[in-house]
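Common to both upcoming complexes is subunit A, partnered first by subunit B, then by subunit C.
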Partner chain A sequence: MADESLLSDDLLRQLVALGHVDVLVGIPTLNNATTVVDVVRAAQAGLGKYFPRARSVIFNADSGSDDGTPVLVRDATTDDTGTVTASRPLRTTQRITTPYHGLPGKGSAMRMIFAVADLLSADAIVALDPDVTSVTPEWISALVRPVREGQADLVAPLYSRAAVDGPLVTQLVRPLVRAAYGWRVQEPLMGEFGCSRRFVAHCLERSWGTGVIPDGVDLWMSGEALANGFRPGQAALGPRLLAHARKPPGLPDVFQQVMDAVCSCLELHAGYWLSRGPAEPVPCYGTLPGAVELGPRPDVTRMAESFARDVSALNPVLATILSAPTLAGVTAAAATRPLVYPDELWAATVFEFLLAYHRAVMTREHVTQTLLPLYLGRTASFLLQHGSSGPAVVHDALESLGLAFEQAKPQAAAQWKKA
Partner chain B sequence: MTQLVADAVRQASVNFVDTVAMLLPRVLITVSIVAVGWVIAWALKWAVRWILIWLRFNHGCDRIGVGAVLKTADLPPADTLVSLIVFWLVWVGFLLSGVDVLGFTALEGMVRSFALFVPRLLVAIVILVLGVVCANFAWRATLIAGVNARIPSPRVVSGGVRALVLILAGAMALDQIAVARTIVLTAFAIAFGAVMLGLAIAFGVGGGSIARRILDHWFPEHPGAEQEEFRHL
Partner chain C sequence: MSAGDPLWYKDAVIYQIHVKTFFDSDGDGVGDFKGLSSKLDYLEALGVNTLWLLPTFPSPFRDDGYDIADYYSIHPMYGTMEDFTSFLGAAHARGLRVVTELVLNHTSDKHPWFQEARNSRDSPRRDWYVWSDTDDRYRGVRIIFLDTETSNWAWDPVSKQYYWHRFFSHQPDLNYDNPAVREEMWRVMQFWAGLGVDGFRVDAVPYLVEREGTTCEGMPETHEVIRYLRAQLDAHFPGRMLLAEANQVPELVRPYFGDGDEFHMAFHFPLMTRMFMAIRLEDRGPLTDIVRRTPILPDTCQWAVFLRNHDELTLEMVTPEEREFMYDEYASDPVARLNLGIRRRLAPLLDGDRRRIELMNGLLMSLPGSPIVYYGDEIGMGDNVYLGDRNGVRTPMQWSGGWNGGFSSADPEQLAFAMISNPVYGYQAVNVLAQERTHHSLLNWMRRLIRVRRSTRVFSRGTIALLDPPNQRVLAYVRTFEKEQVLVVNNLSGTVQAVELDLSSLAGAIPVEMFGQSLFPRIGSQPYFLTLGPHAFYWFRLRRL
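So, the complex of A and B:
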């Protein structure tokens, strides 16, 4: 059940007046004035075009923007409480924007969106990232339709990615989640997703919002769905283009957040994934267009040189995390020219870091930060091999990496149980 | 004359017998105290060691870096070391109590001094252990952050940080047990000042280009120019 204390009295009154809705599109925002209008328009167009008869609402949970984001979203005047409802001229789509109070971050915003969806008994819920500039009306259809047709409880996105695009997902999170949870989900860090009312109710019943994983709510939801028997699905969305943030967080910060989320989720769902068998495919809806390179190519040679230096410098720390054979393998890989960091070695490395995190052999932040240089080395190795390869070759290489993680999992699971 | 000598000898004999009669029980008491103390200290040593093994004390020490330091210094494992310290503290305490029973004027007050010294020694040991823990934490944090921030020679920097923390902890521990306090403080002040001055001169004069690179990295002229080359997510 929704925690109604999350919602102000005024908002509750408006929601009660709305009654039941079929589709709710949730947009958590924080200073997204440059991009949020296009996202809202795409959502409205998608709802109007693909679900013309459905009662729908676009709900914006804003965590205190000071650039006018809520004003742009609601396109109406504020009342005393800062909560506004504006009837949309097309069909029955409503737009609600409201500030939320509590812990800042996407986790709190999503919790509020889910609480509203639960209160409105929404059949299908879609969450959109307000920073994405490539969102189209078709995304709404792709994320909603499998849920409304009863084919899936959680629809994860499927993006077109070039070899160079998103290595933190393709090299680390995707194969690790695949091996651990036993589902071939391509994008566990769901930027956008669709889900069912049943899944929303489940999430609200969990101890959500206690601050355990405030930065990893997307991954937490993926894990909750996979670990609790909800039917997963994937919707082909195409390329995901993001607006340039004013002050983007550095890679160490991003890596730390992602690794904290991954490790927290694996700790949380250990009861499920430790006994889970080989990975099963996840149904895909739609056809993915070809990938396009979204930015400049990285200087892989420099990354490889840095990797050799970093492994040498971090050797005393690595010796407390990695087993002797794995450390010897990493050291040997760092010395090879051109750099080759094999799939099996990378999988063993990641799982041994995971075990070190679980056993807390040192401060957990130190464990995850020590993995960063190795991740960059693995990325450099992959791009040296496949940076110019065609989509089919890249796909096969990533599939091979996923299998390497699956093969490394049983030993890691056995050690995890012993720890 | 002969009578006088005989009386003196007799008196001396009586005095000797009296002294022996007076001292012998004390010696026996001292020996008993020392022997019982040894047994108690030995039992305590094993009890402490057993408890520490049960608590996986060595594992904890390894996690905070104390185990590695002990290994480097060719010392026994942490649980053995702690139990040995307990043994010696207890037994020396009994030993001094036994000696005090003998009533030697020269040894009077030793027990009191020892009783005053033990807490300071324990505090000094705690300071040292905390110093080692802090030094290892600072070393690891500096090393990892240095590598990830692309700072030149991260091992040198992190090693320097660890050495400074260890020197500081060592000086504090020595000061606590009041061993050559003036010399320790003076030596520490001179050494610390010399190291800082040396580093400042080396950084400013010898490492001007490195300093420039680091400052450029920390405070770029055009913020955003050092952004990641490609999307990791």
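So, the complex of A and C:
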């Protein structure tokens, strides 16, 4: 049940007027004036084009923008030819924008979006990132349709990624979540997603106050769905282009946030994943277009040098986290030219760090910071090997990595239980 | 009846009757004028003040009488001319005006005019129709009856030429480029107006004149014909009314009113379609959209609004998506679909849901225009889509649960159209006699509705101002005429709704609900809060005391 204390009287008045909706598109914002209009237009066009009969609302939870974002959301319009017989949604697509109070961040915004969706009995809910510039009306269809057709409770995105793009996802989060939760979800850090009313109600029943939520709500929702029997699905969206409204945080901060979220979720869902068997495929809806590189190529040489230097410098700390064979492997890899950080070694490394995090052998922040140079080494190794490979080769390489994580999991699970 | 207010049609509540299936007085299975005359008390009690009769002319009945073979008499099966004039006098004596059909555009191919025309190219009647050696003139002009016709030209094997027809091929179009045709039609109008007919519902108006390279619809020359007939009517029979059938969007119908010198009235087709759309979507958007797009008319003109009539529910003026939606919602059985429309009556369209039937009638009676009630819809009659063409919505009136539903003493097999006899809508379940005995029947509710509608001129002559409450399921508007104002609030949805109305411009007024005379709190500067049950509607007379 929704926590109604989230909802101001003014918002409630708007919701009373709105009534039940079939589809709710939620957009959490904070100073996204440069991009949010196109996101709203795409959402409105998608609703009109693919769900013309649906009762729909675009709901914007704003975290206190001072650049006019809420006004832009409210006033954004799609083209209207103005004739009686012009094609348009059959029902009025409504728009609500409201400030939310509480902890800033996506977690609080999503909680409000879910609460509103629950109160409006929305059958399908879509969350869109206001910074995404590549969103199209087709995204709405892709994320909503599996939910409305009863095929999925949570529709995660599938993005077109080149080998060099999103290594934090491809090298770490994806294989780890796959192995732990037993589902081959490609994008557990869902930038966009669709979900069912049943899943929304479940999430609202859970505590949103844990440390997981503020920065890791996307991963938490993935984990909640996978660990609690909700049917997952994946929708092919295409490339994901971002235009950050603010300067994005540096890698150390992002790495810290993601690792905290991953580890916290695994702590939270340990009862599920420790006994979960091999990973199952997740149904995919649609076909992904080919990937193009979205960003500048990372400086692999520098990453490899950093890896070698830090492994040497951090050897005493690594010795408290890693088993002797793994530490030996990492040390050997750091000394090898060209750098090769094998899949199995990387899987063992990650799981052993996870155990260290769980056991709290040192401060958790320290644990995750220590993993960062190893992550750079592994990423450099992968890029050296596959940075110029074709999509099929990259796909096979990432699939091998996923299998390596799956193979490493039973031992890690056993040790977790002992701890 | 011609004396009195020349704008009488603006206050009309019209009842549309198919004489053939209304009441049979002589037991031959076909309704007639004597039968209709005997039911005038019923119509008077219903509260309507104008009767519109479907064609009763001699006809081969290949288009249920719209294929006329003689414009100057009554088909014998409906009675004699004396029966007609007797009916007319009796109706007038009750204050009921009578509107008859005027099919200008075409005749039956059995009409003597066409027979003369086809039998000799030298006949003076030859040029009363539109002929061609080829079938490639007026290329691209749309075909209206898509389900039956493949061309607007038909080959006449007698005179070895093609003739033009916008409707069925057995209905050749008259040639209005020939002044003799126009004069003949004026003679037809004089004949019936001279008998006392109060108005003409003019069929298929846009198609009178053809011009190469156009849609052949609404040509300037067509308007000339109309202006001529209107001027003649005004000069010789002041106070008579012309009602146009032009199945088009309101912007395109507007020219048929001219500067108040063409038609007095015209049907508002899209309003009808959008009422059905809005109530299924539970969204006022389609209705507010069409109301806003409806042009202002000259002071002497009026829209004719309706829910259902003798034709299919037209879906010509909607988008493909809207049409699919309407088919899915109202005609999931494809047999109910005809041309670009749906051949169903009001009650089956609304699943027999009394609340929705009431709401739709409430909208009909409170939106701008003169409302038309199709015979039988006041008791919730059903239809028979298996009768072919549009005959399924023209079945006999259900007067009682007895023999042939009280319509006729003939053998059931002899009836013009079979009675509806299924357990839901059949005459045993749905009939006038039973509903007259039940205070809360649909019939008695309709009587109250019409009485309240006619208790004020605000609905018939007032302006409309749409309100814009945040709740999209609620349609609200204020009707204003002189010093009188009525607030109308409709819940288009099947669930209870709360709504806040910005009535600050009406601050100080006391709403009085018009059906029960219940007082509501005085309107202030704050939003006015109302709750409405499923498909409920309120009419509030706004009093300033």
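In the analysis below, the second predicted complex is superposed on the first by the 396 of 419 C-alpha atoms of A that agree within 3 Å, B and C clash if a C-alpha of one lies under 4 Å from a C-alpha of the other, contacts with A are read in each partner's own complex, and residues count from 1 in each chain.
Everything that follows uses one rule, which is that a contact is a pair of C-beta atoms (placed from the backbone, for glycine too) under 8 Å apart; a residue touches a chain by one contact, two chains touch by 3 or more.
Given the structure is predicted, the values throughout are model-derived calculations rather than measurements.
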item	value
Contacts of A:313 with subunit B and subunit C, given as first, second, both or neither	first
First (subunit B), second (subunit C), both or neither touched by A:187	neither
Broader residue contact with subunit A after superposition on the shared chain, subunit B or subunit C	B
First (subunit B), second (subunit C), both or neither touched by A:20	second
Subunit B versus subunit C as contact partner of A:123, first or second or both or neither	neither
Touched partner set for A:94, first subunit B, second subunit C, both or neither	second
Touch list for subunit A against partner subunit C, complex	13-14, 16-20, 52-53, 55, 84-88, 90-92, 94
In the complex with subunit B, residue positions of subunit A that touch it	164-169, 189, 242, 247-248, 250-252, 254-255, 258, 294-299, 306, 310, 313-314, 316-317, 360-363, 366, 369-370, 372-373
Subunit B residues touching subunit A - in the complex, by the definition given at the top	63, 137, 140-141, 143-150, 154-155, 223-224, 227-233
Interface residues, subunit C side, partner subunit A - complex	249, 251, 270, 277, 281-286, 289-290, 293, 317-322, 325, 469-473, 493, 495, 497-500
